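Consider the two complexes below, in which chain A is the common component and chain B and chain C are the respective partners.
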Partner chain A sequence: MDRFLYLTFDGLSRGAVYAAFALALVLIWRAARIVNFAQGAMAVATAYAGYSVTNATGSYWLGFIVAIVGGLVLGALVERVVMRFVDHSSPLNGVVVALGLVLIIQGVLGMIYGNEFRPAEAPFSRDAFQLGDVALLSRYDLFVFAAVGTVVVLLTLLFTRTSTGLRMRAAAFAPDVSRLLGVPVSGMLTLGWALAAAVGSLAGMLVVPTELGLHPNAMDLLFISAFTAAVVGGLDSPVGAVVGGLIVGLLLTYVSGYLGATVAPMAVLILLVVVLLGRPDGLFSRAKARTA
Partner chain B sequence: MSTRTDQGLSLHHITVRFGGLLALDDVSLRVSPGRVVGVIGPNGAGKTTLFNVICGFAAPQSGEITLDGKPFKPRPHHLNRHGIARTLQGVGQFNGMTVLENVLTGIRTGKPTEKAAYEALERTGVADQAAAYPAMLPYAKRKRVELARALVARPRILLLDEPAGGLDAEEIDWLAELIRNLDTTVLLVEHHMDLVMSVCDEILVLDFGKPIALGSPDEIRGNEKVAEAYLGTAA
Partner chain C sequence: MTTVTAPEKVTTNRPKRKRLSPLAVVIPAAAVILALTYALPPFRNYQLATVGAYLCVTAGLTVLTGLNGQLSLGHGALMATGAYTLALMQNRFNVLALGILAAVAVTTVVGGVIGLAAARLRGPYLAGLTLAVATVVPSIASTFDTTFNSDQGLTVALEPPPDAITVEQWQAWLCWAGALVTVLVIAYLVRGRFGRDMRAVRDDETAAKLAGIGVARTQVLAFVLSAACAGLAGALFAVLAQSVSPGAFPLTLSLFLVMAVVIGGLGRLSGALIGAVLLVALPEIAHSIAEDAGSQRLEGNLALTFFGVVLVAVMLAAPGGLASLRLKRNKQKGRT
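Up next, the complex of A and B:
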């Protein structure tokens, strides 16, 4: 039972990071109908920028802010300079361009920083609090929950309580109709990419200290888990992304804890296949429109 | 300098070609403030193209549009800045957003207020559906939501693109009453003749993109060219 509790708390903490990353994928999907396969590479690029600042200044928080702001800028740049010019008549075009971006970003990071793992310190202790013999959450886990929870609340408020959020959603659902209503659709698209990349950067900054450290490919496995989380929840559903992230986090941790870490990636892929077969639009997909 | 008589929307000798197809052929129309002007014609006559020109979705090869006597180069996302709102044939709602949120996106300036949105929904009789998603509503109610989203902007010119399409007789009577009571200029594209004849002050008839008649409902009713265009033979 102690082990189960420990794994549960650990899984929720990991799941919170997957949730943030899945949220980034959902934001871009909702804005542009593209699965941004470059999200992981973009996040690792901003994590490198953040930790460079941290190493230069000694301030984790300055690096943290640089990473998030860097995500905003990188997301806007990718949309304005690259994705805007992609022919979206076939969904495959965006995917191929995103995969190309992954190769470019990882190549450039390798040239600048090398291909060795670089240590990345956590801002808080990762030692778990003990309750009797049971190891619960660490200070760092609490920080992860707080950071992801804050992002979820802020995004929820943005999309449901502000005119900008309303216009972003409208632009994503029906660009031409939105234009007729005075919505600056291209600006909303850029904002969507910027926000998504910033959320992805946050996820990157949160996950790097819990893994082997910084590496150009550091987010590859995280991306697979987060993509699964987004598909499990439904690519159109921010709530689904959060729940999907927690489900994937728990699954990975339970499988790692009881069956071994080498089996865990397979468990994620099995979950992905099961959801795609049983409910391809995700657990939180909306009902289809009636026709009369 | 514009004068009182220049007020409103005017189309001057508009011609639109799509490749070899002449969609609009030298069409002129004046929509004065407060008037309800109908545009009718058989399928493919160019009615929706006319709306698309006014909205900036189609560019004319020749001709000019003026708004209050000044040249007007329409761009879709600037329309509501000029006080022009349009409903769409295919309803065109944001299905992932609630009815209330759909209407809030139609508010022209400043922070969208739920009060204004509810007033528009009350006016079109679907305030009780505010929390519903449009895709789950019957077609007629979705049409009402579409109207509410256009009305919430308090447009000075309202473009209604086949608002009666898919509605039953009772709904069309309700729509006619609503249009009659609108305190705004209306340009109405519609196939439903009874509706057009009952609400319009003036009617333009198009046939294969060419204007064949312009006049009051009574004048249009008695026009032989119009009867021929619709029936394929002189009445």
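Up next, the complex of A and C:
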């Protein structure tokens, strides 16, 4: 039972990171109808930038801020320079270009930093608090919850309470009408990419200290897990992404804890298959009107 | 997939150019390759063999993605399936033909299972699922380590070739025999009813269904066909390396395969050949540049970057791939 409790808290903390990452995928999907397969690589790139700054200045928080701002810039760049010019008549094209970006980013990172794992320190202790003799949460877990919680609240406020959020939703929902009504649609698209990449960078910064360290391929599994989380929740639903993230985090932690860490990727695959075949629009999709 | 509209559709009001029979291409190709294997030094023969092995999988993948519109990022995993099957069969029976047949058969079955799921999925969902398949290879190898010996992998027992030829020459023959048979089978299938069905499903599923084509059936068959090709390629790679390990089939391999068929030109067997050559040539070029620069970090990473840049550039400038550039030029010549 003690172990179960410990794994549950650990799983929720992991799930929070997946939730943030899935949220980034959902943001881009809602804005541009693209699943950004380069999200993981982009997050690694900003994490490298962040930790370089941290190593140079000795301040974790400076590096943290650099990573997030780097995410904003990288997201905007990717949209402005590459994604804008992709022929979107087929959904495959966006995926293929994103994969090309993955190769470029991983290759460049490998050339600059080398292909070995670089240790990355956490800003807070990862030793769990003890309640009696039961290990529960660590300071770092609390930091993760706080960071992801803040992002979720801020994004909710942005999309539901501000005019910019309303414009972003309008631009995604009906681009032509929005343009006629004076919404800068392409600017909104860039903003969406920038925001999503920043959220992805945050998830990357949060996950790095809990894994082996920084590596150009460090986020491959994170991407799969987050994609699964986004699909579990339904690619269109931010709430679904958060819940999906927590579900995937818990599942992964239980499987690693009870069956062994090597089984975890298979568990993700099985979950993905089950959801895609059983409820491909996600657990939180609303019933669509009949089309035939 | 509008970017890969089949070129022959445009030419309806012009007299149809007589298409070469696949045999008329494959037989001279076989002769050229046979001659090459005698002329080339061993290392080049090995590279030639690698091109042949890659051609098996790119030919299958280009049909799946280009003609049927299904994007698979999991073909590296299917190759691993074929390679491990061959290794296990060889270490038990040591009859190469049997091993290769078993590899193709097992991969066909695995491909059928994935294909059944794939037929219900579209676009990014299918890509995500197959990507997940590609990442579980090391996980499976470590979990069932008594069979697959986790990260170390297995060695492949092989009978030495006859004394008259070198090992590399024999490897080149083997791989190109596989590649040419694959190309021949695919070329005939694609020219016939099956190819038409695949294109119809890709372009408009509803219309295809109305025309009496079994949409799901066609999609599963396309996946199974390309899986069998991947299995053959995997088996050939196991023979080439004389060992199999999860490290030989990383996620990057799956991505490279997609890159190769997209860069070469989706849906065209000539594109698959261009892609297979690039898969061998680009890392080689990157390797020699890295050696000149004396930097270990460039090694490998330069090839990754190359591929990425070429891929993005091709997708933005000529979504039909390199093979379509030549075709477009011909077309313009025809008009003037």
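The definition used in the following text is that the second predicted complex is superposed on the first by the 288 of 292 C-alpha atoms of A that agree within 3 Å, B and C clash if a C-alpha of one lies under 4 Å from a C-alpha of the other, contacts with A are read in each partner's own complex, and residues count from 1 in each chain.
One rule holds for everything that comes next: a residue touches a chain if its C-beta (ideal position, glycine included) is under 8 Å from a C-beta of that chain, and two chains touch if they have at least 3 such contacts.
Note that the structure is a prediction, hence the values are computed from the model and not measured.
J.: In the superposed arrangement, which partner chain does A:101 touch: chain B (first), chain C (second), both, or neither?
T.: It touches chain C, and chain B stays clear.
J.: Does chain B (first) or chain C (second) touch A:182, or do both, or does neither?
T.: First partner only, chain B.
J.: Identify the partner contact of A:277: answer first if only chain B is touched, second if only chain C is, both if each is, neither if none is.
T.: Second partner only.
J.: Please work out whether A:51 is in contact with chain B alone, chain C alone, both, or neither, and reply first, second, both or neither.
T.: Neither chain B nor chain C is touched by A:51.
J.: Touching A:143 in the superposition: chain B (first), chain C (second), both, neither?
T.: A:143: touches no partner chain.
J.: Quick one: chain B or chain C, who's touching more of chain A?
T.: Counted on chain A, the partner with more touching residues turns out to be C.
J.: Is A:236 contacted by the first partner chain B, the second partner chain C, both or neither?
T.: Touch status of A:236: first partner only.
J.: Classify the contacts of A:166 with the two partner chains as first (chain B alone), second (chain C alone), both, or neither.
T.: first
J.: Mind working out whether A:174 is in touch with chain B, chain C, both or neither, as first, second, both or neither?
T.: The answer is first: A:174 touches chain B but not chain C.
J.: Any idea which chain B residues touch chain A in the complex?
T.: Answer in residue numbers: 55, 57, 76-81, 85-86, 88, 92-97, 101, 104-108, 111-112, 133, 135-139, 149, 153.
J.: Chain B touches which residues of chain A in the complex?
T.: Spelled out, the residues of chain A in touch with chain B are 163, 166-167, 169-170, 173-174, 176-185, 236, 286-290, 292.
J.: Would you mind writing out the residues of chain C in touch with chain A in their complex?
T.: 1-3, 65, 69, 71, 73, 117, 120-125, 127-129, 131-133, 135-136, 138-140, 142-143, 251-252, 255, 258-259, 262, 296-298, 300-309, 311-312, 315-316, 319
J.: Would you pull the chain A residues touching chain C in the complex into a rising list?
T.: These residues of chain A touch chain C: 34-35, 37, 82, 85-87, 89-97, 99-108, 110-112, 114-115, 216-217, 220-221, 223-224, 227-228, 231, 235, 260, 262-266, 268-269, 272-273, 276-277, 280.
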